[in-house]
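All chains are identified by letter, namely A, B and C, in their written order; residue positions are counted from 1 within each chain.
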Amino acid sequence: MRSLIDVLDFSVEELQELIDTANDIIARPEAYSQICRGKKLATLFFEPSTRTRLSFEAAMYELGGQVIGFSEANSSSSAKGESVADTAKVISCYADIIAMRHPKEGAPLVAAMNASIPVINAGDGGHNHPTQTLADLLTIYREKGGFENLTLGLCGDLKYGRTVHSLINAMSRYAGTRVVLISPEELKLPSYVKKDVLEAKGIPYEQTTNLEEAIPGLDILYMTRVQRERFFSPEEYLRLKDSYILTPEKLRGAREDLCIMHPLPRVNEISVAVDEDPRACYFKQVLYGKYMRMALILKLLKEAKAAGKLGVDMSQTLTDVLFCRNPRCICSVEQELKHVFKLSDRENKVYRCLYCEAKAN
Amino acid sequence: MRSLIDVLDFSVEELQELIDTANDIIARPEAYSQICRGKKLATLFFEPSTRTRLSFEAAMYELGGQVIGFSEANSSSSAKGESVADTAKVISCYADIIAMRHPKEGAPLVAAMNASIPVINAGDGGHNHPTQTLADLLTIYREKGGFENLTLGLCGDLKYGRTVHSLINAMSRYAGTRVVLISPEELKLPSYVKKDVLEAKGIPYEQTTNLEEAIPGLDILYMTRVQRERFFSPEEYLRLKDSYILTPEKLRGAREDLCIMHPLPRVNEISVAVDEDPRACYFKQVLYGKYMRMALILKLLKEAKAAGKLGVDMSQTLTDVLFCRNPRCICSVEQELKHVFKLSDRENKVYRCLYCEAKAN
Amino acid sequence: MRSLIDVLDFSVEELQELIDTANDIIARPEAYSQICRGKKLATLFFEPSTRTRLSFEAAMYELGGQVIGFSEANSSSSAKGESVADTAKVISCYADIIAMRHPKEGAPLVAAMNASIPVINAGDGGHNHPTQTLADLLTIYREKGGFENLTLGLCGDLKYGRTVHSLINAMSRYAGTRVVLISPEELKLPSYVKKDVLEAKGIPYEQTTNLEEAIPGLDILYMTRVQRERFFSPEEYLRLKDSYILTPEKLRGAREDLCIMHPLPRVNEISVAVDEDPRACYFKQVLYGKYMRMALILKLLKEAKAAGKLGVDMSQTLTDVLFCRNPRCICSVEQELKHVFKLSDRENKVYRCLYCEAKAN
């Protein structure tokens, strides 16, 4: 059985299959309007994320299915101390597929390892948010006609922005990708992403602190929200949050066919005055996200017929030998969860937590 | 495209059309049970109002449609600082029609101006609550056989009770309406409603502080809740909340065909002992509210086929010249929202905020 | 019309009818997948209980019906002071059947006495939780092939565990039942349950503090959660919560066909290592709970066609003569609710509150 925990769980071929399905849904919605009749999606949101939750629910309804779930932890059994593993086993009795949002990194993987139905990671803390990346990819595919030879500009919070890291990872698999990193010093892309992804895959990239100068060379401008909750002090947040606000003025030198994206919600990183610009694609991105979630639900339900729980490759792992110290990892709270580390870099003997991917130390 | 922000957005003819549809739904429910198949209603409740929300959801399900949404702001993106305008644009990607409840006055209008789907105002602070008025009107129509020559008694909180103001406005458009205002001094109908509505339309009215004496002359007795949240001090609330409690004793002199109404929820304005009285119509009112919401959803979805966003008459308006100072207005919180004032009274040069209708000062 | 307030509202024959229906649903799910088309279940959860709520919602969807409702009191009208009686009358305008969870004992009975649709008690404080007992009974029936001549071991919190009291009550109606009570001194089964149920019905039972010694003699081992909220001090909770944890070691002497049950959620009363044991039935119990709720909804909707409100036997009752002093009883908060006491033991002149069953004193 398949689940979606990290967007890289899917090969380039599988991603193309999802994109083809999404395009077919857009072309022939009525052909899909009853395809999930009698199926149920469980939206298990241990922290609120209305936009993501409603996108999944709209997706399931447009496939003719039903939805059960909760939108906050305080209305969930976890308040009574139920483990994620038990919740996954219980929900497997009620639904056909799970979309889980959880503040702890790796929680959806724990759910997938215990559920008897597919699990979709709808965001696990600052770790992964693969369906956002699926939305981004369909937007790029439809707006640019494909994934090759594109110059991708990423602007704002490149340090904590998980959607940025996932998108870089996903785009690094296509030929001719070039990356321009636009951020203040304090929010630069972490060096491990540069090293392990950009450099490892030979992706040319440059770093700059100047948005306006970078714009003219871009095919895609991906703006990100500066999240209050990622900052250590309110002062630091206030000082930085207004950096890199996109305005019509800054777009003067931009290409005719620039594609402006944003994962939303925005605070004020993009002036409302830009919304009317035909190059503004961030609301189309929302719509495309729904279609990719429809395609994803269809793919996972189809593959769910292949019985058995999630097959996790346990080769080159250590169990209860190393222990995860990441306070944001599901390991820090889940009852009786074995600590598993996987050899991620043989040469340098780097082991990473199976759940949150934190390095062993 | 049409939205419903204020009950007066509809002409007398349009209201009659809604009433006719509601009566037909009551007569032939099965003819409507699949009419919204494949359509989705988004219930965006930025503050809780269970009864109103469930009425909309029941309405949509009885039309064969589906529902997505949230019941409180803390499980909404607004917690992350998303504007009402952006929420409206995002939800337009997920649903076919929106029912919005918001603590800020004018928020549903801002949503309607930005959504690409119809928006129903399900209550915006103390400002408007048009679907309650639609429920009231169907109740009056079915119980009294029409709207003409009726003596309408309104009792309780006439100062803050928005449903009272809307009902007076709506009934003032029918011939022969007479109004009896029953309240303590502290909660009398505001003079601007008397002047701008009752006197402007030549509606005969009287004011009294004595419920029992007023009852015999009434065709309709509209009781209202004394809302804790409208009071400045708990003491004042406690002193007044028990005023004007309807009991079987007070009904001794009432007409055989009196229609007793209440928007609900009640605290204790109507003794439970009155519930069994055949003249008690406040639970029928709940049922009729559901049918009017069904009729409203049908009308707006039909008119939604006419593309384009909400047409707001911007003639005689000033933009970013005058500024709204009402702390309860959506202007006080919405990002980059232009302040618009409309000339509401040429003779006296009165300008009112487009969103909350507060006078410019 | 029928409602389900206490599992003993159903005769042994009616329970068998529910079990037969549930077994038929399991055998032929497609025969039931549209049977509630056009019907609505209202899940009114005045306190959160995700597992129970989702079980009801999954049940209704698998019958082809729809669901409306709320998952917490703070998003309900009760925040505005609406009585349970009024809520029941209002929801009767929106739905066809109600499942109510409420922190006050007797609240679902008050709802059933005022609603014009059937009401299912989904848990009223520490009082009753009949659908959990229905789940337990189907599990026993399917795992043991019937209800007769079974030795039932109950372990953990036997003092406050309402599901234990209900199960003892239900099983005491079958021939050959034997009970083994396994708990620490502090959490022993209350003497009134022993006296009024076990002794009154002549059920042989023994009490022990040793789980491991008791296991070999059992057909069924019913483990219970030690609920933090039931304890007077956190210290006492911490001291007792780890007592009586079931492990593979303790199961060494157990029968081959032992049936291990737990109402869930568990904290750590059962080691995760036991989950893989074929005798572990607690997740099957979850699944069976859904099927019994489906059978229950079908039965009550069928009987709802018989008009009229819930028939409560008011013989041998006193109204507003005795007053309930139980602070957890709905009497303590419900507006204008008459206090009714019923003669439950003529010989000893014992009167009990109609709502919470507390003894008059």
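Here is the rule we go by: a residue touches a chain if its C-beta (ideal position, glycine included) is under 8 Å from a C-beta of that chain, and two chains touch if they have at least 3 such contacts.
Predicted model only: the values in this text are computed from it and were never measured.
Both chain B and chain C derive from one sequence, and where they touch, under half of the residue numbers involved are common to the two copies. A rotation of 120 degrees, rounded to a multiple of 5, brings the CA atoms of chain A into register with those of chain C. One inter-chain figure worth recording: chain B and chain C are separated by 41 Å, centre to centre, where each centre is the mean of the chain's CA atoms. Multi-chain contact residues of chain C, defined as those touching 2 or more other chains: none present. Within the complex, the chain A residues that touch chain C are 38, 40, 42, 66, 68-70, 74-77, 79-82, 85-86, 89-91, 93-95, 335-336. For chain A in complex with chain B, the residues that touch the partner chain are 33, 48-51, 54-55, 57-58, 61-62, 71-72, 225, 227-228, 264-268, 271-272, 275, 283, 286-287, 290.
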